[in-house]
Every structure is written in C-alpha cells, then in structure tokens.
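A, B, C and D are the chain letters, set down in written order, and residue numbers restart from 1 in every chain.
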C-alpha cells in the first residue's frame, strides 16, 4: 500500500468517525430553544452575510447573556453553512428541523429566497415554519394556503408602491406622475422580474410611463442599458440590483450623465457595500430601506455597550456595526425573539415546538409600544400577523441617501397601501392551491 | 443611426475589457499548452492584494510592485506544485487541475484578505465626453490605452528579448526547444508570472469599475468566447475576438433582446463562438493542426 | 497475475449464469432496498438521495467523457432540460405515468445533447469543452426568461405536481428514495449494457485514437453524437430526480455552472471510464462539505479564525484534493480502492 | 490479372511542400506490393491518401472498380481497405481482444437497441465477432494475450495487434505502414512469414512500407520506389534491384 493510499484510507476513516459521532460530542441542549443559523460565509454573497450574521448573533447573545434568555429560556445557536446554495441549505434544514440534542426547533430562517421557495413543500409535510423577513414569497402572504411560510416585513410589490409614492411626493402629488418616465433596471431573474407586474398596474393607475430594462447576471457591463435609459429620457430609475450589478449601475449612470439622486435602489441595492465601490459617482444615490442603518437607536446603543465594547461581538471589523446588513440581522433576530415571547404567553415559558412556533408567528403583534420597549423606534415599523396575512398588516420603508461616506435617512416610514394588490395576491395564492391540491385553511381563532 | 454607432462603440470598448482578460489565458496557453481556468482567480487574488495594500496606506506604485512580486511567487509555486508533477499529461488533465487551482486561489484570497467589497479608485475620471456626436467614456478610452500599452509591451518582449524568442520556440515546438537547451520550467515560471501581472492589470481596470470583490473571478467566463473566436494561441486573435464579441453582444442586446423579452448577453457570445467554430475550427488566428498518423 | 490485469475494464465474454457478479448484484439490490430501514430521514433526504442522484449524473458525463473522450462542462444544462421537461409533461399531459414521463424527459434532453454535440464533429479538446458552456448558459437563460417553462410561477421555480407510481405516493423521504434508487439501478444496468456492447467498444476506440477508429470503419461522427445523446439522456433523468426526488422544487439556477463543475469533479475523483466510481465521486462531493462543516462542531477550530475562515478552508482543501488526485491517482478513487483491496488480500492476488 | 488499385497522377502538398508529385502506379489483385524510399519520400502520405485520411490535391484513384478523387476513411474501410500504422495507433486502454473486436465494427449488422438489449441480430453478431476475433488472434499468436491491455504489451506484440485489428475484418487491400519497424532480424523474418500467410490464407492484397530492402525484395512480388514524392521505379523485385536510377538514388551498393 502506497503512502498516498494509506493517507487516503486514514482520512476516510477519520471522516466516517466524525460524521457518525459528531452529535454525541456536542453539549446537551435540552431546555433550550434552537436557533439554526443558516450561514453563507463563502461565495459571492458572503460580504452581505458577514455583518448580517453578526447582527443576528450579537442580539441573541445579548438576550442570552444580559437578559438571561427569552423569558428565561436560553437560545442555542447552531451554525450551518449553505454557501447560498439550495442543496446545502436543504441539508441544513434536514439536520435541524427536528431540533438538536434536546433543543427544540420552533422556526427556521433560511436566509435565502431561493431556499425559502425550495423548502415550501418540505415544510408543509414536516410542519415547520419557514421565516424569511424581507425575502419571502409574496404569494405566501396568504397564510390560509401557506400555513408554514412567513414572508415577514416586506415584499417587492409594496416596494414598487413605496417608490411610486416617494416619486409622487417629490413631484408634488400623484397627479404630477402623469407623463413622468420611470425606468426600472432589473436583475434578469425571478427576483428582478417580480416588479414588472405591479409597476404595470401602477403605471395604468397614475399614468406614468413604465420602462423595463433587464440586466443579465452578474451585471458587470451595463453601458447599453444606460444608453437606453438616457435615450428614453427617463426621469427616475428604480434600480433592482443584486450584488455587483449595483455599483456598476451607479458608475455607468454617472458615465452617461444620469444624476445619482434620481436613481432609487431596491432594498438589496441599498447597503454600504452597494454604494461605496461606486466611489464619488454614488454621492446622492437613493435607496429603499426597510432595515435602516445607523447606531442611534436604543437597542444598538445597548448592543454596543453590552456586546461590542466587551469584545463579544461576532464582528471582526467593528466599523460594520450599525450598517444596513448588521441592523437587518438585529431586526431579524428581534422577530424571532418576539415570536418566542408571543408563544410563551400562550404555552408557558419553555422551549417551543414547531407547532407552537407556527401559532406564535401567526399571532405576532409588535406594536408601537412594544417597539419603544425594545429600543427599536425608527428601526422597525409595527408588525402584526394573522392567519390571513403572514407578511404583516402594514408594510413600510424609508428612503435613504448616500452622502459619499454613509447613509442619511431622507424620509420617515412610507406605508404601502395594502389594499391595492391584496386581491391579485390572493388570486395567485388560490391558483397555487389549486395546482398543488391544497385545501386552504379557514381562520378558526 | 447615431444610437447604433453609440452602441457599437460602447460594445467595442467592452470588448477591449474582455480582451484584457483573455490575453492572460493566451500567454499561458502559448507557453505551456494549458488552458488556465484559474486566471479569473488570479485576477481576484491580485486585485485583492493590491487594494488591501493600498488600504493599509501603501502608495500606488509600491503596492503595484509588491503585488507583482506576490504574483511571481504564486507563479513559481504553481509551477513547482502543480505543473511539474503533471508534466507530459494530456491538456485536459492540466485544464482540470487549473479548475482545482482556482478553488485553492479563491479560498486563499478570501481567507487571507477577507470577503469585503473594496472600492478601488485609480484616479481615472469616469465621465462622458462627446466625440463626433457620440458619448464616449473617458475611462473606457484610458482602459483601452492601458490594454494597447500592455499588448505592445508584450509584443516587444516576445519579439525582441532572448526570453521572448525562447518562449516562441517553446510554443512552436516544445521538444525541439528543449533539445536546444531551453529549460521548460524556467519558461513556465516566467510566463505564469507575466500572466499574473497581466491579471493584476486586468483586475485593477475591472475592479475600479465594479469594486474589488469575489465576482471579479467571474470575468473569466466573459473571456472564454473571446478565446474560442480569437484562437487560444494568438494575442491579436484575443484582441480581435474581444472586439467582435463586445460589439455583437451589445448590438444583439439592443436589437435581439427585445424580441425575446430579455437580455441575451449571457449566452450570445457562446453561441456566436460555437457557430464560429463550425466555420473556422482553429479560430480567427489560431493555427490549424495537421494530424499525423 | 499483475495489478495491470486487475484494472482491466473487460471481463471474459462468457460468464457463468450465477457467477459472483450476479450474486453481488442481487446482494446490492437487497441492500439498496433495505437502506430506509436503517437510515433516518436526515440520512435519506440530505445525504443518500443527493449522493445517488449525483452519482447517476456522473455516469451520464462519464459515458461521454470517460468512454468517448469528449469533455463537457455544460452537463447541468442537460439536467435542467430533464427537470423542466418532467415538470411540463406532468403538468400538461397528466395522463402520462411517471416512468414514461421520466423516459420522455430523458429523450428530450438527449435530443438537445445531440444538437449541442454537433460542434464535436469539427473540434476537439477544450475548444469543444469551452463550447459546451454555450449549452450551459443558453438553457439557464431559456428557463429563466420564458416563464412558460415554469407555468408562469412568480419565482420561476418548478415543483412536482405529483410524484406517484400506480397510486403509490412517493412524496415521503422513503418514497423518494425508492424512486431514485430504482431509476438509478435500471440506468446502471443500462450503462453497463451500453459500455459492454459494440457501441461501448467503439466509443473507447474513438477515445483512444479517433483517426484509427475512423480508418477501421467506425462511424466516428455518428458515435460521438450518440454519446452526447446517451450522456444527456442519463443527465436529463438525473436532473428530473434532482429537482423532484431531492430538492422538491428547483429553478434554472439549481443547474448552474457550479453544478456542471461538480459533475466533472465526480468523474475525475471517482475515475474515468467507470460506472460505480461515479458514486464514490458523488459521495466525496456531497460528504466533504458536510464533514468539514461538522468538524467544527467536534473540534475547536477557533485558532483558524472565524467560521468564515473555515468555509474558505473548505475551498482550499477541496481544490487541493482535486489537484492531488490528478497528480497521484489519475484513475480516481475507484482504482485506489481496487489497489487497496488487492493490498489487503495478498492471498487472493497470488491465487488469482 | 486485374488491378485492385490504380493511382493516376496523385498529388498532395502540405503548406506548400510537395509530398506526392503526380504519382501513378497499379497494384494487382492478390500481390504483395512494397513501397520503398528514404524518409520523407511520401510513403505514409500515399497510404493516407489511399484510405482517405488525407485528401489528394489532384489525381484520382480506382479501387476495385470504383473511381474516386477523395474518400472518407470510413467509406474506404467499408470498401475493404484495411490499414496498420507506423506509430502506435492502437486503442491503448483496451485489451487485445477488444482491439481486434473493434476491427470488426464495419461488419456490425445489429442496431444500437439490439446491441444494448441483446435482442434480434445481436446474438448472431456477437458470436460471429467473437469467433472471427479468436481465429485471427490465434492465427497471429495473440490468443495468450487476449486479456492484456495493449499498452502493457511489448512493442513487437503491439505491432501484431495492429495487424490483427486490420486483418480481422477480411480486407481486400491491406495497407501496412512499416510493420517491421524496430524489430530484430528474427522478428522481421517471422513477420514476413505472417504477411505471406495473410496474403495466402486470407487472400488479401498487401501494400506495405518497409525500410529493410533485403526483407522487402524477398517478400514482395512488386516493388515501387519513391523519392521526394516522385516514382523512381516500379516493377518486379529483380527488375527494381537492377534499375540504375534506384541504385544511384537509394539502394547504393547493396547486392
């Protein structure tokens, strides 16, 4: 047997032992609530995950160590790397769906829109709630058809409304929208195309001209697209970018002479990492913000004092504290903790099962008062779910502006009119139910 | 009509950017017959090293030199650890080895220098200037000048220096070159080093445009159809192929895209390249091999 | 005899009816059908099923690459064709039973394979490999850009409307496992039948020396296209299983370039011109990231930095293993195992 | 005696270099014809033109009554032109038996589906192929090595496998490109005997290239001498041996 053969067999044996026995080495988790943290610390999207994951971890660490858990129940964080791929995400889901070493799973946050979709059928069979704040499927708003999907906080149809509302504000009223040209430059994918339909409806309603221009993934060349925009004499550009597409768009806009303060980025085009690489060209660039950046919120000050300054933060680079993605992570962790509290009120202060977690997520009510108690005023807007509405009754976002170094908040919460698209979404959910043969639930409580 | 020309011109400039990446592949292919898939990873690595150094306060010129040296060291390591043990193996094995290599280099790049998105400002103003009724970006003009300078330098180096002549000898006939005393490992080390420096230049130009981040390594995929059309072994081919791909892709996006409700540029260049291959299997400037039996 | 003989791909043509091979096959089948009794849902759903399907995809590429000598880096495109065809056939022709749908989906992928294999008649080597990327990007675009393929679903994803054979529902992990393992077993038998037939010999002849193959009268062009077609047939069915037997739902990006590379690595790691080797390669591809991820739970790796460093380390280890295998073990893990077994059984070797 | 092969004014050049220059000659059915000439005389190129690996620039060829200017190698094989190669062109990762079996490909009658599912004509084809391969292998003394991977065999045996692969399909014309290269005297004589046997038992007409003039003049019934793409002499061994041009240009002082 060659040395190489020996080494390989030794490695194989070691791997087998690891795989079989890893569970038994780990600490006992009974009495704790599991939070399976789906990470993507590698790959093209890692830059956004790193601060996001830190926000997640820091808040849960604060809850565990400073507040002694959620109503006394400690949260056990277990990381699982998905590399933003669906198959590894499924492995993570299968690994943690039934808990871990005694710690119970109440809900799973897949941290990926693609994975959220891929888990839809599995979660229905396994009865595990899947929660995707800011990144869920819009049709899953209808909780009667999707009992286990929670596209909390935001959707792109509401985003289109908010953009149009903001433009109307700037123009001086909805009647001034008539004749304006709003170009949407979108990432050519399911995500990017999602706003074509609502903008079509809005254009008909308000009489603005709706121009749709696709950018193929990854979007490192956009000269022709921006020439189209300039040629069409667009008044505003709604930039629905993803990854590298955003800075290239901002730079190319500057090159063809389109003003940055007439470009409004989507929530995934509105982080520091989207604007900063565009350099000076990005000054004045606007973006929709559901997860407002900044450190001037009560909870952020608390985290700084109790976690960051004690060197217990997951951040390696403290300058990322208070960035869009960090705050997103904190906000997401708040939804988890608040869901647990909601559940504890009904089921008692103990780890929740998936069924109990599902009930809690369906009965969330983070109102203005609770937001103030959390020290999250200005950071989150009220969130109230029901069996009919798994997203939250009011959807709101702010508009922020890049000053060359950081984001400035331009507006207060702009609320989307939920009634406008509700019927279209319901109809889509009904069609889905029919295709899948799902009997929609009726509200019982 | 001016819209057509504007699209054409911007497409041609985009093509120059593709060529800049493609040249690195051609160099390595000529000298070692390897299609180096890791070129994209080298591009990422070099650009990341450069910005990390400048962010630490190192002046531009010094950072460029230090990064170049790092690329030389990497080239020597690659020759020693990968190419030498795989000598005399078929080209496809070497190609697959470079696929593995790209994982290693990307992994190291991010392990050592993190995964942040970096801004890179080369101090080139990126504004539009009007030339003959057409808007042209100043940045594009300068990027093209950089590419031209690079090509000219390489051409002189190949044709005038002793090293370059040895390299061409290796490209023409490896066995004969070895028999007259040219040492292959030395040639490989040099060529991979030069390719590393070309990757650095391309990485800086691309990086200043889209930020230095992981997706820089994906520009490889844009360079591939350029290489198929231009031929893997020809620098003029890489330039001509780049221009052809850039121009047709831009025009197709404008004139074909609307017909198929979307952008076609992810695949258009490849289909163009495949069509091209069916007509001219060796590419625009590549040599056609005669099979000996 | 020598070790060289043991690695011979061919066996004597006449075999006893109930030889060791038959017994091994029967034992293997029994074992395969007993797996759900021993393995829990996690093992089935997230390790065994993807491993088997990726192994099947590896066979698909290996028929083209290992047996005919044509390297494709667009394999995932043909998987996506199989997946999207299956979805649309199930949706739009609900009277068709699942096995028929799978075969039809494979045939559609095969037709696409033949069309995108046409450049092989003019070009070789990595010119050909690079041109297969055309298929990769074209189909990813096609299935993203025309929502008809995903029945106008908002997220452009497809999910199986129904998964059943003769009223037996296959949605559970065990059901999906049986679907996957039965399909794979049949396709393994088919793969063996092909490579042991005249066609298989002719493919290998083309791989080893295509000019000589042409001179002795083998229809080289026809055989190359056939190889593309059959390879794509396997990949198409593997794609359908990947989408519906494993992921549950899929979009075009589930079959991106990374997937094509994974399949290529499966063939390199498992060994070219093998059938079972592909499952070794697939095991490696599926298990390595999970193992490295789990390693961090067992051993304190904080000295390496954070979790992100560990994830990058995975990349490095993975790439290194590919290179080391290419250098040390060009015939892949299957030949390593053969030699390992031979080394452990010296008596058997001297008597054989 | 009729001619099996006629070449008329065949020319071929590579990148401006003339490999064959208006070459004409005939091979009679059943004879052993040797092509001799120095390296670069165009001998291998000539074989490549006859069975279609190269395409002649000018001239035409008549094989077994069929006239063509260029032919596809597969068509040539179907017409009954077999071929061995100067440099090793075996299917190196296959066994000897597989190499020989592949040589029968053009005789395959079963369809793809019959082949893989072992239906219909497959059984007859399989049996016929195996029988023919076994016969050819034992005829060439390869039966012992049937299961060996060819790349592991010594050079001399590989040459024989190459011959077996060409012979097994029963070609009317067998083109042998230096079948005795690299062999010692004893092996060469053994190979000569085999070629003569092939010619006698299988009835194949043989055109061969060989450098060893002594061997050639004993083996061949017809010798064509080439020099720089031109024909220098053409005739029976004795006549060629006495041709003054040949003596001057090539044979020198031998005999």
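Keep this in mind: a residue touches a chain if its C-beta (ideal position, glycine included) is under 8 Å from a C-beta of that chain, and two chains touch if they have at least 3 such contacts.
Note that the structure is a prediction, hence the values are computed from the model and not measured.
Chemist: What is the chain whose Cα centre is as far as it gets from that of chain B?
Modeler: Following the centroid criterion, the farthest chain would be D.
Chemist: Going by C-alpha centres, which chain is most central here?
Modeler: C
Chemist: Would you kindly tell me how far, in whole Å, the mean C-alpha position of chain D lies from that of chain B?
Modeler: Roughly 47 Å, centre to centre.
Chemist: Just give me the whole-number Å value for how far the CA centre of chain B lies from that of chain C.
Modeler: That pair's centroid distance is 32 Å.
Chemist: In whole angstrom, what separates the CA-based centres of chain A and chain B?
Modeler: Computed value for the inter-centroid distance: 36 Å.
Chemist: Taking the mean of the CA coordinates per chain, how far is chain C from chain D in Å?
Modeler: Result: the chain centres lie 41 Å from each other.
Chemist: Indicate the residues of chain C shared as contacts by at least two other chains.
Modeler: Within chain C, residues 141, 144-145, 211-212, 215, 308, 312, 314-315 contact more than one other chain.
Chemist: Taking each residue of chain B in turn, which ones touch at least two of the other chains?
Modeler: Each of 110, 115, 262, 264, 266, 291, 293 in chain B touches at least two other chains.
Chemist: Could you say which residues in chain A touch two or more other chains, in rising order?
Modeler: Residues 41-42, 46, 50, 188, 216, 316 of chain A each touch two or more of the other chains.
Chemist: Write out the stretch or stretches of chain C touching chain A in their complex.
Modeler: 41-42, 45-47, 50, 141, 144-145, 151, 154-157, 159, 161, 171-172, 246-251, 253-254, 258, 287, 289-291, 293-298, 306-308, 310-312, 314-315, 328-329, 333, 336, 339-340, 343-344
Chemist: For chain A, which residues count as touching chain B in their complex?
Modeler: 41-44, 46-47, 50, 188, 214-218, 220-221, 223-225, 227-228, 231, 243-244, 247-248, 251, 254-257, 273, 276-279, 281, 316-317
Chemist: Given the complex with chain B, which residues does chain C contribute to the contact?
Modeler: 71, 118-119, 122-123, 125-127, 129-131, 133-134, 137-138, 140-141, 144-146, 211-212, 215, 257, 261, 264-265, 268, 305, 308-309, 312-316, 318-323, 326-327, 330
Chemist: Which residues of chain C touch chain D once you look at their complex with the stated criterion?
Modeler: Against chain D, chain C makes touches at 4-5, 7-10, 12-13, 190, 193-194, 197-199, 201-202, 204-205, 207-209, 211-220, 226, 273.
Chemist: Could you list, by residue number, the parts of chain A that touch chain C in their complex?
Modeler: 1-2, 4-5, 8-9, 15, 18-19, 21-22, 25-26, 39, 41-42, 46, 50, 78-81, 83, 85-88, 90-91, 93-95, 113-114, 117-122, 125, 137-139, 188-190, 193-194, 216, 314, 316, 428, 435-436
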